[in-house]
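A quick write-up on the structure given underneath.
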Amino acid sequence: MSEAKDGTRPPIQPPNADEPDRNARAAWRVRLHEIIFEADTPAGWWFDVGLLVAIVASVVVVMLDSVASIRAEHGRTLLAAEWFFTLLFTVEYILRLLCVRRPASYALSFFGIVDLLSILPTYLSVLIPGAQGMVVIRSLRLLRLFRVLKLTRFVGEARQLRHALAMARTKITVFLSVVVTVVVIAGALMYIVEGDASGFTSIPRSMYWAVVTMTTVGYGDIAPVTPLGQFIAALMMILGYALIVVPTGIVSAEIAEARRGRRSTQHCSHCGLDDHELDAVFCRRCGDRL
Amino acid sequence: MSEAKDGTRPPIQPPNADEPDRNARAAWRVRLHEIIFEADTPAGWWFDVGLLVAIVASVVVVMLDSVASIRAEHGRTLLAAEWFFTLLFTVEYILRLLCVRRPASYALSFFGIVDLLSILPTYLSVLIPGAQGMVVIRSLRLLRLFRVLKLTRFVGEARQLRHALAMARTKITVFLSVVVTVVVIAGALMYIVEGDASGFTSIPRSMYWAVVTMTTVGYGDIAPVTPLGQFIAALMMILGYALIVVPTGIVSAEIAEARRGRRSTQHCSHCGLDDHELDAVFCRRCGDRL
Amino acid sequence: MSEAKDGTRPPIQPPNADEPDRNARAAWRVRLHEIIFEADTPAGWWFDVGLLVAIVASVVVVMLDSVASIRAEHGRTLLAAEWFFTLLFTVEYILRLLCVRRPASYALSFFGIVDLLSILPTYLSVLIPGAQGMVVIRSLRLLRLFRVLKLTRFVGEARQLRHALAMARTKITVFLSVVVTVVVIAGALMYIVEGDASGFTSIPRSMYWAVVTMTTVGYGDIAPVTPLGQFIAALMMILGYALIVVPTGIVSAEIAEARRGRRSTQHCSHCGLDDHELDAVFCRRCGDRL
Amino acid sequence: MSEAKDGTRPPIQPPNADEPDRNARAAWRVRLHEIIFEADTPAGWWFDVGLLVAIVASVVVVMLDSVASIRAEHGRTLLAAEWFFTLLFTVEYILRLLCVRRPASYALSFFGIVDLLSILPTYLSVLIPGAQGMVVIRSLRLLRLFRVLKLTRFVGEARQLRHALAMARTKITVFLSVVVTVVVIAGALMYIVEGDASGFTSIPRSMYWAVVTMTTVGYGDIAPVTPLGQFIAALMMILGYALIVVPTGIVSAEIAEARRGRRSTQHCSHCGLDDHELDAVFCRRCGDRL
């Protein structure tokens, strides 16, 4: 899995095997690569689970640190935990760089950048000290939350979902264009109809309201008060209600299609075509009996 | 139904039938077991319906008791009703223990524990008296609401739904992981962007807001006020809108699949067609008897 | 359409045709019945359209009358319109009674009662006069809104939808039972956790909040303020989000099934079975060629 | 694409080709028509992309102009940009009129009117000057937002979605009738039950609340406060929840149906099977060439 994603190749079977020194180094690198990047050996599996626990724990630390009352009481403990996890992930990052064949391509891959971003902010918080820098540091530190993205690496089935979404992509794009157009027009309309009194102070703000309404979130921080505005809003809601139906139908059909697509595993012995329907008796390309 | 669920076996056909005394006891126990655990005899059916009514009535009593004005006026009546139902369910619990072959395995089964929890709090409220203990007692008494879970025992079709959900479980897990990741990142982002002024006082609280927003509930108790925050919120809403589409499609396809499966498993021995309706006697393609 | 619904039979072909007087009356009754109850003659179609317009207009009059500023200005006009429509519908009601063969069964049918309820309140407002009765009269008059139910009489396709819903009824019942159970438990839980301060003053009120939350309406009039309450609420929202998926999948599959069920119109000339799949060549019951 | 939509025909192959002068003019008109109305030549493609960018930019200018703080600071720049885009779209409009064969039918087509409406308001703002006219001008100028509708012209796939919706139109109409009826009755009911205190001041306003509730938007600007009102509202929410299920199922089935329809229309002349894949050359059942 890691190969395609990280743009790296495991250093298995080095082409010129006549350099004993390099082979020796390759041996532990291969072993390390197996542990860190693969999940099919016991050691690799335990490494992944341990990493997962560490990521979740470090995210929880950042969360707790953001609650004022908890920071006031356990600030020191949280800071220690913060540095513990940062050092742990730094070691992990260096090991990853060491054991892949082409460190540069790993470092520039998506998860390479995420891995780096998840440790940088804590180090930066030392270089940029001072009371006034506090807020900036805190926000930088939050970037470490990107660490959570690593979680998706462990989830294999996500690919199937991505595939189903990709198939319906064009239609969903059309759908989103229509939604954006409706949001712009509805926002402008409500800006004229309602005016400043009820919170529709600008078109962008009215568009924010339109999104809040059409997605049926409905905070109520901005709400129409004039009868005309309420009438337009009611129409928009029913439209938004109708809009949710279309993409649901599209994706349902797409997934059902993909599922129905489960084909016979027979191969035509004559022409080799292997994409037959389940009830096929003859090859649909060459007419040979399957 | 009760056998698998309660981990008990009705004492029908005891292995050594040469003990007349034990057989005599077994007779009324078998009869009682039939009434209490089975629903296919008239007596068993009426017992189930009566129990159902009693459960609903006792839940209504607890509800009414929580309304201050009603408790002030009808407090005594409600307390009497409370004790009436508690004693009724206690008798029922003892009878259940008596008529099953292995009382221990019933007592430790899911509904055994629920049955016990639904009567315990009322008795505990006597042991822990005093004004200051009032609130605790009231909350303990509410545990009796678990009694309502018994309702599911009477609903046979729930199993089908559970099956459909179980089939889609893996995909729904993936989906929930993505949702949790998005909620964590969105929560942290809004905490930085919006700050304390608009209610985003900590990351957990921002995550609560993210869930409220992405599920389109949208209370409005916390809502973004800065243009950037509103822009991010609008993107999140459209994303949440898109997210509802995926699991809907998955479950729809899963249920449609399960339904399509309702076909005969017969094969036509002549032409091999295997997609027959359940009542088919002859192959619809070649006319051969199945 | 009207026959089954109103429980009446048009007086076509009276059994004893030798009474000239009665036959003469039957003639205009048959004609009137055709106009009022059928929609397949030009006169009948125009009657239906006219009635539809009158119903909508009378509903609009009641609506406008409820707006204080409009009633203050156009009160007299609205009262006149009110009486005009009431008299119109009274005439229609009497004509309906006259032209059906069995007036009693029409009067007791669903639409017979609706027709009566839509004219009664206006007459009652004369009998119960006085300033203090005003509010009661106004509310009685609103019952005339049931007139709008007549609209459904003109919509033929509604039957198909009802059929699809009826097929999925059992499963939807199970689903609703689960929802009610979850609502009761969640309501009780939040009542204990949140208490009076944030609006959870009783279990019924907490259950109202649970419904508002799980259906993703989310008014925000009652919202959790404690961290634990917010955590439970967030779980409930995700659960509610998941719950919408199940019935959607069920109904989608049900409708798709009904649609796929579109069968061949062929009849088996041998055994008469007419429910064949589209690609059937032989009758699946008797094996005869179709 | 443009032909059917704009009701115009490109002036290719003029019937009487013996007028050299007119042919000369026709030459650049044909070329211009290709660039402006077609998107399959490089020039035409670049024209479309440039126009798209200009439309989006002009919409953004109108949006920014509506934000008070931005207008205060950059008012002059925005006004200049406004006039730049207006002149640009005016030139485009004139060119469109010049190069189509029948300018009148273009001018009266949907996009002809939209194109005109998107430039008119800016010119009108000069003719209707004065401080008191400001608001009117601003609102007129907003009509230029219809320009955004042009975007849909570039989206080809929208047609497929429209088709799927058109197929389900009758059923969606029935569904909307039921929704409107429920909204009217629920609005009237809540108007009686809740009264003026909680914001249900008139039936139309109660109907607005009913739409806000049933579409699960739930602003909370109007919310029931009496126990009975909350009970009715809870029922309505569950009903609204159920209502979203039906059209979702209908559209899902409709789209799945349309998709399944993507089959070859060929019949096997030997065995008569007609459910072949599009690339099938031989019948999959009997092996005969199609």
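First chain written, first letter: the chains are A, B, C and D, and each begins at residue 1.
Please note the rule applied: a residue touches a chain if its C-beta (ideal position, glycine included) is under 8 Å from a C-beta of that chain, and two chains touch if they have at least 3 such contacts.
Values in this document were obtained by computation on a predicted structure and should not be read as measured data.
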{"item": "Subunit D against subunit A, contact positions shared by both copies (same if over half, else different)", "value": "different"}
{"item": "Taking each chain's C-alpha mean as its centre, the one farthest from subunit A", "value": "C"}
{"item": "Distance from the mean Cα position of subunit C to that of subunit A, given in whole angstrom", "value": "45"}
{"item": "Inter-centroid spacing, subunit D versus subunit C (mean Cα positions, whole Å)", "value": "32"}
{"item": "Touching two or more other chains - residue numbers and ranges from subunit D", "value": "204, 207, 216-220, 244, 248, 252-253, 256, 285"}
{"item": "Contact graph of the chains (line, ring, star, complete, other)", "value": "complete"}
{"item": "Residues of subunit D that touch subunit B when the two form their complex", "value": "216-220, 248, 252, 285"}
{"item": "Subunit C residues touching subunit B - in the complex, by the definition given at the top", "value": "170-171, 173-175, 177-178, 181, 184-185, 188, 191-192, 201-204, 207, 213, 216-220, 223, 225, 227, 230-231, 233-234, 237-238, 240-242, 244-246, 248-250, 252-253, 256-257, 276-277, 279-289"}
{"item": "Complex contact set, residues of subunit A against subunit B", "value": "59, 62-63, 66-68, 138-139, 142, 145-146, 148-149, 151-152, 155, 157-158, 160-161, 164-165, 172, 176, 179, 204-205, 207-208, 211-212, 215-221, 244, 247-248, 251-256, 259, 279, 281"}
